[in-house]
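Down below are the structures I want you to see.
One chain, chain A, appears in both complexes that follow, with chain B as partner in the first and chain C in the second.
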Partner chain A sequence: MESNSIELFIVLLSGIFLMFIMSGFIVAMVLIHRQRQVKSRHRVELMKADYEKTILNVEKEIREETLQYVSQELHDNIGQLLSLTKLVLNNPEPSSVLEGKKLINQIIKEVRSLSKSINRDYIKDLKFEDFLKDELDKVERSGFCKTELTQKGTVMDIPDENKKLILIRLVQECLNNAIKHASPTWIKIHLEHDGPHLGLTITDDGVGFDTNTHPKGLGLINLQSRINAIDGNIYILSEPQKGTQIKMSVMV
Partner chain B sequence: MADDHKMFAQGMANILRREPDFDIVGIFTNGKQALSHIQQEEADLLITDMNMPGMDGIGLIQELKKQQTKIKIIVLSMYDDEEIFKNCVKQGVNAYVLKNADPDELVFTIREVMEKRHIMNFDHVLYQAEDNPFDHLDTYALKFKLSKREFEILRYVAKGKTNREIAEILYLSVHTVETHRKHIHTKLGVSSSAELIKKAMDMGLR
Partner chain C sequence: MVGKCVLLIAVRACDAKLMSSSVYLLSIFLGLAGGICYTLKINKSYKKSKIQLLILGLILFVACFELYAIYLAKSGRHNRFVYNICFFYLETFLLLGYLYAINLSKKVRRTILYFSLIYLIWGITNSLFIQDIWLTWHNYSYLMASLSILTFCLVFIFGITKNNKYFEQPLWSIPHFWNTSMLLIFYSSGFLYFLSLDFLTELDPKLVDILGSFNRFVAGTMYIVLGFSYYTPLIFSTAHGK
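Right after this comes the complex of A and B.
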């Protein structure tokens, strides 16, 4: 009898002990799960905040680029045309007066187109391909180098405005890099539409760089993080003296 | 001439071509083109802009100085910025003229540079682009074809200043002032200083 009750006691005790362990385990599981949930929610929020920050930065930079362009145009183009008009009108001959009038007409035209470029609500009104055309035109008009825009596939616009913003800024950054560092004789952009897939290739025949020694250049990291923000890919092919090719692909 | 603004370069070239002793041998839109031309063909003077795509004005000047070419350099710029002016002086530029300076100022500066009597001074650069204070004398300007600078000198002559004093006030060399005075004499058809002063009084210059 006695040995029986002791056995029962031990069984009971170990049962209770097991139960405690089990419940402890369950509680721990629940807690861990909760924590993970909180963590992942936090991560999603962080990613969202990051994305919003990227968009904001991109918007700011595009605005700055526009202001820069306007200031440059005022100084280098309109200012010079005005100076020239003053010089021409200094000579009181009738032929000079006629030339002065022509110049003033030209200035009026330039001011009008400049005001359009500030006023235009870039994202709402501008198709992506028109943006590319405009940017390349600007490069060519400044006499920097030749440019070319080619397309393949049925052209469609990018429905997501934020994606478009980021792509616009990426293109601007690539062109700025080419202008600042590459001294090319031409820059080509190739746009490829394949259903929702958009491919963008920017090629120049400039000085290029060694992708092994420059992988962490600030500009390149920026490009990478921005294309990541819209789940796209970027490949940079370059060799010293052999030009640069930047390929981007993204689902739109 | 090197300037990336084609229309400006062309217009400026047309103005300079009016001078019978000037010959424009080439107009280029960037530093590289200008450089290769200067290396191949002879030219006495380069008039260059600062802002150009590819090789800019400073790049071009440095390259020319490195190669020790004899060519004289005048910078024709939109920038009325003393730092840029000082940098140009440091690079050994012969003259700095603003794009909105009176055209006869540029023509005159070209002659000064070629005759090695130009004095670099930033106030002088600014003065060249200032409004003409003798606009009210337009009828005389048309009649005698006097420039802003010539009016200015005539006024100081009427005040009884000597050539040396005028040169100091206007940051010009005495030789330049003498040349101006010779021109004024011819234009007004006078042969003595007394006649000149009387003419100035008649115009109301004081």
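Right after this comes the complex of A and C.
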């Protein structure tokens, strides 16, 4: 009886011991899972805050860029047209009235076009492809260099407004960099739509730069952090005197 | 001395009918009722799940064979073959099927399939050449079955944490977590009991009853949890998993 009870005790004890080990394992897994959930939520909140900050910055920069463009247009274009109209209307000849009317109509068109670019909703409603055309037109009109826009695949608009804003800002930044630092004779933008995937390549034949010596320039860091905010990728290929090619890809 | 104390407590618990056969059966039927209510009322409007039906089928199957085994025992006939066929083999296959359905890793699924095949071949070999299926407990087979179920449950629970599954919900709102946890507890405590069944027959029947009572207590709890586990998303889930 004594040996039986010891054997039974061993069986019971081993069973209970194993049961406790398994229970401990389950509790440990619950705690680890909970801890990871909390960490992950914290990370997601940080990413959200970062994303919102990026959007705010982008909106601010677009506004500043637009104001700068409007001021330039008022001074260089509308101001000049108004001065010209004044001169024409000062002329006592009857034909100058007709000429004046034509100029006033042109001024009205220019003012309308300017008012559109000030309106933030205009950018939201604008198709991405039309925005690219407008930006390249602006560069070409300024006489800075020749431009070309090519595209492949069915053109689709970008449904996410924030993504579109960030992409718009990225393109503006790339074009500004090319104009300020590269002195190119041409700039080409190639737009590629493949299902939800959007590819954008901006190429210029400017002075280029050594990507190894400027890997962490502020402009490049900005481009990288913005494309990261919309889960996209960016590749910069450049060599001194061989131009620059910037490839961006994002899921829209 | 310590052994005697534990035994004394266990004997008292047994005498008090902590988990007699009828209470054990009641637990199974309670789990079955919970599962049926969920399938008929809530499953329709909430989320249809074939896995839940598998669990319900499993409890129903257990209820049927336990009733049949009790009937045989009361008629004074051997019921070992019922436990050998239904508990050691068929229930194991059902549980392996359940673990196959909930484990999403292809590697684990393949391992479960291969193991099931090996277990089937081993079961036939054991029945024909090693242990008589009518008269002897198939405890070698049970050792294989319980170790494999324990392993696959451990893999499933570990995989949840490793692969960040169910990240939006707390773990206690996942039915499969409750099910696998109870399987872990039952098979870890039970496999020593079933493994030593032949040896235990030499013991005082009262002592065997104590072990059986303890085992039935864990098993009964497991079937209640299996039956009611699908209510947990309704009870614990919130929009942010808090």
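Note that in this section the second predicted complex is superposed on the first by the 181 of 252 C-alpha atoms of A that agree within 3 Å, B and C clash if a C-alpha of one lies under 4 Å from a C-alpha of the other, contacts with A are read in each partner's own complex, and residues count from 1 in each chain.
As a working rule, a contact is a pair of C-beta atoms (placed from the backbone, for glycine too) under 8 Å apart; a residue touches a chain by one contact, two chains touch by 3 or more.
Everything numeric in this text was worked out from a predicted model, so none of it was measured.
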item: Touching partner for A:Ile16 - first (chain B), second (chain C), both, neither; value: second
item: Contacts of A:Ser40 with chain B and chain C, given as first, second, both or neither; value: second
item: A:Trp186 touches, of chain B and chain C: first, second, both or neither?; value: neither
item: First, second, both or neither for A:Lys86, with chain B first and chain C second; value: first
item: Touched partner set for A:Phe131, first chain B, second chain C, both or neither; value: neither
item: Touched partner set for A:Ile6, first chain B, second chain C, both or neither; value: second
item: Chain B versus chain C as contact partner of A:Val30, first or second or both or neither; value: second
item: Common interface positions of chain A, toward chain B and toward chain C; value: none
item: Chain A-facing residues of chain B, complex; value: 4-8, 11-12, 15, 18, 29-30, 51, 53-54, 78, 99-100, 102-104, 142
item: Chain B contact footprint on chain A (complex, rising order); value: 75-77, 79-84, 86-88, 90-92, 99, 103, 106, 142-145, 183
item: Residues of chain A defined as touching chain C within the complex; value: 1, 4-9, 11-16, 18-19, 21-23, 25-26, 29-30, 32-34, 36-37, 40
item: Chain C to chain A touching residues, read off their complex; value: 2-4, 6-7, 10, 150, 154, 157-158, 160-161, 164, 166-167, 170-172, 181, 184-185, 188-190, 192-193, 196, 199-200, 203-204, 207, 210-211, 214, 218, 241
